[in-house]
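Read through the structures below before going on.
In the two complexes below, subunit A is the common chain; its partner is subunit B in one and subunit C in the other.
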Partner chain A sequence: MLKYILKRIVSVIPVLLAVSILVFLMVHLMPGDPARLIAGEMATEEDVERVREKYGYDQPLYVQYFRYMSNLLQGDLGTSTRTQRPVATELATRFPNTLELALVATALASILGIAFGLISAQLRYSIWDNISMFIALIGLSIPPFYLGLMLMLIFCVNLGWLPISSDVWYIALILPVITVGARSMAVIARMTRSSMLEVLNQDYILNARAHGFSEKKVVFGCALKNSMNTIVTSMGLQFGTLLGGAVVTEKIFGWVGIGDYLVTAIKARDYQVVQSTILVTAVAFVFVNLFIDILYAFINPRIKLS
Partner chain B sequence: MEEKVTAENLYEKCVYTEEFVDDEIVKRNSVRRLWYNFRKRKIAVLGLCIVAVFILIAIFADQLAPFDPYEQNLSLANLSPAQAAERGTGNLLGTDENGRDLMSRLMYGARISMWIGLFTAAIGFLIGAPLGVIAGFFGKKLEMVIMRIMDVFMAFPQILLAILLTSIFGQDLKNAIIAVGICTIPNFARTSRGETLSIRSSEYVEAARALGARSGRIIFSHVMINVVSPLIVMTTLNFGNAIITTAGMGFLGVGAQPPTPEWGAMLSNGRQFLLVAPHICTITGLVIMVLVLGLNLFGDGLRDVLDPRLKD
Partner chain C sequence: MKKLMALTLALLMLTTVLSGCGGTGNNGGQTNNGGAATGGETAETSNEFTFVMGTEPTTMDVHFCTDAATSRILLQVHETLFKWDENSENVIPWLVETSTEAEDGLSWTFKLKEGIKFHDGTDFNAEAVKYNFERLLDPATGSSKASALQGVTSIEVLSDYEVKINLSGRNLIFEQTLTNYSTAIMSPTACEEYGLEGYTNHPAGTGPLKLESWEPGVEMVLVKNEDYWGEEPTTDRLTVRAVSEDSSRVMMAMTGDADISWGISPALVENLEGNEDVTVNTVTGYRTIYIAINQNYGPLADSRVRAAINYAINKREIVDNILYGVGGTYPSGYESSAVANAATDLDPYEQDLEKARQLMAEAGYPDGFDIRLNTPEGRYAMDRQIAEAVQYMLAEIGINATIEVLEWGTYQERMLSKDYMQLFLLGKGSSTGDVEFDFLMHVLSTGGQNYYGINNPEVDEILNNLSSAADLEERSQMLYDAQKLVNDEYDFATLYYENQIVATRADVQGLVIYSNETADLAWLTRG
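== the complex of A and B ==
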């Protein structure tokens, strides 16, 4: 087991390196002259030249990359050219917010998703199956920006049940979590249903039933346990996606998270912020996937043999 | 479950139990059988109908739209459908913040969304599928290089990568579509590689090889044909996803720019008038949802018919 885990961890290193190079190159391909942007529209050509030298933009690309990476490994993510604040400080305040949203949303989506999936697999072709799968289908089809706006319109404006912004953390979380989690819930529910149905068709389930196991034991003890691989994978994927993909939801609810920071930075061509934020998100995403792979090996020991 | 032989499917059953049949008959009947199986799924047919309606609207937007989608009339701004009916302006779904007819804009938006879905699917399909097939078929170093590159692309949440690519290409609708298309390549490559791997080791490929067929022939006449059906299913389900992602980018202001009647951008503008004119957001979002719902229903049905292994 340890050998498998180590092997998986080592295999992540080249991916991380490639990701960092890719992000670096992509940000450098963005149109516009960063030095001109920092110096300002009115700056003279000399000033721009000075800025270029100061920030190292006159160096060859690989020198800039190595300098960026060595700073990065020392915890320096660069400075925002727009606000002059270090990116690391900004991310340190914003990342926990995004993490909170993603964690709560994934947890809720998993509980509901697995419940809906179980109900519909267990009561196949019944009205409950249809209702659960219809809810999942709606969750899959509704664009997050629309869901967010409608929830706001209904619960904050028309019914007045919830404030648009709140200092109480759990109240502030309600609508963003629903908005961001609806899709994940749908994906997990559909995944649970199909993998449960697949497992329930296996011979060992028939065997368990023939031995007179109670239905509860068959479903939770045998079937769910064996479907867990697939379900955990989709849970992890959803969590990873939410870490970086909640951009739209963060924008709607004014959530001070990473996505909102990134979109603002892209519009303002704040290269340092874009580069570091995307890199941090991608690294988090890669690590979440690594964690799932390892978890997977614990749930399903067969996997490490192949 | 054994299907009952009825008068309707007797012929098909006979044809399929024959060992030697005319190719033409098989081809004609496999389409017929697909349609027969698909038709049984009422909900999937509903999906197909929804999609068909949107396609027709997209094609005939010029003829169907009652107004010019770009024509502004500030004296008629933010009219709800009820207000518009009261004033007899003829705007069935009301007007937007610049007094443009919402229905006409939605119709032209349907055209844009269809292009989004088609182009992103085409990019994913035409680049991703060959890469996946090549990787799966030839294996070794080539496979490693291709799949590692795909892994790197998959290390980004899709919408982030799309936003980043769009900001490189320039923030407009065309570039947003290309960016979203590029983001779907890894998915197509992965699926087609997986399929190719299982086909490569199948007996009929071995038989073809034993008969002296070259790699190119095997890829085109055995592998591709069998890889296509899961990919078609993926394309349909991806279609809706691409529409949501691109509209999300329009909503954030990094995709389509006003005054393009793109649904996401329309929602983003309407959002500023959410309290005064909630109908702009409500109706626009509902239209996106119905189309995506239709696509998902259709895709699910198609999956059940084309790829029975994935079923339930």
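== the complex of A and C ==
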């Protein structure tokens, strides 16, 4: 397994190289002059030129790329042109927050999603099935900007049960987690349901029942276990997506994650921030996928990593 | 199943560990409320305030500040030699005792106030002024705001508290120029000690508040400067936070999570009306919002067509309905009335569709023409909605405008190309607070932001002769004449002057909002 993991890690390098070139080209080919955006709308032409020279935007593109890569290889993610601070420092503040939100949201969405999916599959076509799938449908359909604002309006403004901002970490997490987790919960619930229904129709389930296994054992011991690969894949994808930041939720709740940071950087043509943040996100995403692969073998030993 | 449970528990435990030791130190990702919001008795009775705005301060180095939000905070810690009075009408000496213009107008001598110290204990004196101005002008600093001292050739220290600024040409409004946030004074000791990259984390100005802590992206805490030279500050502690979502800032004002919410969208003001706990403050700002008319595009070169566009647009409807009557001030000239020397009695061209149609016919376009109308989205209050209203109004006189929304970076590039844009919605202000700055940028035929092909020799002549004006009165008259010429040529379709809308908790007193989007936050009280 170790050999497999090492191989996967090495294979990440060309992926990241490709990502770096792609992102570099994308941000540099976007219309818009970074020097002008940095200088502000009331800057004179001389001001703009001074900025262009300072950040080396007057250099050819390949020179800029090699300078970026050479700094990167020395562990320097660059300096934000917008805030004048090292990108590494800013990411060190923001990434743990994004990770925290993504982890808690995925964990809770998984627990609830699997529970709703199981209820729905097991009690197919019952009122419980309808209720579970209705909740999932709501979670899937309601946009985060609406859900977040409504939660804030109801629980913070009207009922006064929760503060909009809080010093206590788990209180601060409640509404953002619900906002970002609702969609993940819905996806996992629907995935669990369909996967369970497929497995429950298999001959070996019939066989297990014929052998007099209890329904609990059939559902949890046989059906759920065999559905887990699909469910775990779906959990991993949701988690990976959330690692890229939840822009809307971060905006609404003032959550200091990387989503809003990235969008602000794109608007300001803060090249260093855009490149480095996407690179860090790409690394995280690749490792989440690797973790999911390993998890397959952990859940179902019949799957061989090699 | 057990494995799954174990995995989930492990995830939750990992999260707990991350929350305990990670990130922001206070509460994970969300910023804390500085004590004022949920702090109960102590917070209610103390002078601790939470200030929220749409974007976070980006730097505390005066010479790298390029946006109004940052300058708002920067100027609590640093001070300029001159300052606007509370009504943003007159310039008053601040760190300066007296100022004298040389007879030939080529230098200004300032006698500085004595006994003022920077937050790091360094004396404020003539050397400090010289150091700061030279740092701003030095190409090695790379400041994009060096033009704030345009025309300054050298700075001489005459004595400990006397400094002489030499100019390349006469500048009658030099004192006003020195209200610009880019000319605020930093401690030379701190600048030297921490360098160009480090000063931002160790700012030391002479201001009434000083930096206690700053976790970029999370919050900044400013505390009272106990040794402040002037009137004793009443704000003990100010927590500055950025919440980019407009609705969230409104709700924070409603719940008390914020004492001051800066930048309330006009569309949301009605949610605060009738709320006894919240006061809404409105101040006309420097920014003028207008439909820019590119004279390089065929029909728009004809002033009769530009006049028709002006008469077709119902500005009152825009201010009253789209901006809910609070987001903007109905125009009375070419530039926001908050800007010094702005003419306030020019014809704003009330809607007159008959006249507009007649002008179109006279210009040879009785059936109108097709045109592109560009607008950014989210840059100015209700910008897209306003562009759509203008589109409808122009259709009334046969001008068939197609709306194109562009992201701001692209928008700027297209404007610079000078031949892409035809009609476009834009905002402009003045970094010096004087109408001259705007003229030099937007109207002078060689102006850096003259995206409109304006080439009016009469206006150019006035602008080029401004420095030869005998006194401020004459200069003011010259600027008035220039504005009238621009207005008479229908070079712009001025829509409104943008209002700054700030919500405060009803018990918060002492907030002063300036037209240049800055504020006094050091003399707040609860009453």
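Going forward, the second predicted complex is superposed on the first by the 251 of 306 C-alpha atoms of A that agree within 3 Å, B and C clash if a C-alpha of one lies under 4 Å from a C-alpha of the other, contacts with A are read in each partner's own complex, and residues count from 1 in each chain.
What we mean here is this: a contact is a pair of C-beta atoms (placed from the backbone, for glycine too) under 8 Å apart; a residue touches a chain by one contact, two chains touch by 3 or more.
Because the structure is a prediction, the values reported are computed rather than measured.
*Asks:* Tell me which touches more residues of subunit A here: subunit C or subunit B.
*Replies:* C
*Asks:* For A:R67 in the superposed arrangement: first (subunit B), second (subunit C), both or neither?
*Replies:* Neither partner.
*Asks:* With both complexes overlaid on chain A, does A:P31 touch subunit B (first), subunit C (second), both or neither?
*Replies:* In the superposed model, A:P31 contacts both subunit B and subunit C.
*Asks:* Check the residue A:F220 against both partner chains and state whether it touches subunit B (first), subunit C (second), both, or neither.
*Replies:* A:F220 contacts subunit C only, not subunit B.
*Asks:* Just subunit B (first), just subunit C (second), both, or neither: which does A:K54 touch?
*Replies:* It touches subunit C, and subunit B stays clear.
*Asks:* By the touch definition at the top of the document, which applies to A:A43: first (subunit B), second (subunit C), both, or neither?
*Replies:* second
*Asks:* May I ask you to decide whether A:R85 touches subunit B, subunit C, both, or neither, giving the answer as first, second, both or neither?
*Replies:* Touch status of A:R85: second partner only.
*Asks:* What is the contact status of A:K7 with respect to subunit B (first) and subunit C (second): first, second, both, or neither?
*Replies:* neither
*Asks:* Going by the contact rule set out at the top, does A:P96 touch subunit B (first), subunit C (second), both, or neither?
*Replies:* second
*Asks:* Enumerate the residues of subunit A that count as touching subunit B in its complex and touching subunit C in the other.
*Replies:* 30-31, 149, 152-153, 157, 251-252, 267.
*Asks:* Please output the residues of subunit B touching subunit A within their complex, sorted ascending.
*Replies:* Interface residues on subunit B, with respect to subunit A: 148-149, 151-152, 155-160, 163-165, 167-168, 170, 240, 244, 247-248, 251-254, 264, 267-268, 271, 274-275, 278, 281-282, 284-286, 288-289, 292-293, 295-297, 310, 312.
*Asks:* Contact residues on subunit A for subunit B in the complex?
*Replies:* 14-15, 18-19, 22-23, 26-27, 29-31, 137-138, 140-146, 149-150, 152-153, 157, 193-194, 197-198, 240-241, 243-245, 247-248, 251-252, 259, 262-263, 266-267, 274, 278, 281-282, 285-286, 289
*Asks:* Can you tell me which positions in subunit A touch subunit C when the two form their complex?
*Replies:* So the residues of subunit A in touch with subunit C come to 30-33, 36-48, 50-51, 53-54, 79, 82-85, 89-90, 93-94, 96-101, 103-104, 106-107, 110-111, 114, 149, 152-153, 156-157, 160, 163-173, 176, 220-221, 224-225, 228, 250-257, 260-261, 264, 267, 269, 295, 298-299.
*Asks:* Okay, in this complex, where on subunit C does subunit A touch?
*Replies:* Residue positions touching the partner: 1, 3-4, 7-8, 11-12, 14-15, 18-20, 22-24, 26-33, 37-38, 52, 55, 58-59, 61, 64, 66-67, 139, 142-147, 150, 197, 200, 215-218, 241-245, 247-248, 251-252, 254-255, 257, 407-410, 412-414, 416, 428-431, 437, 441, 448.
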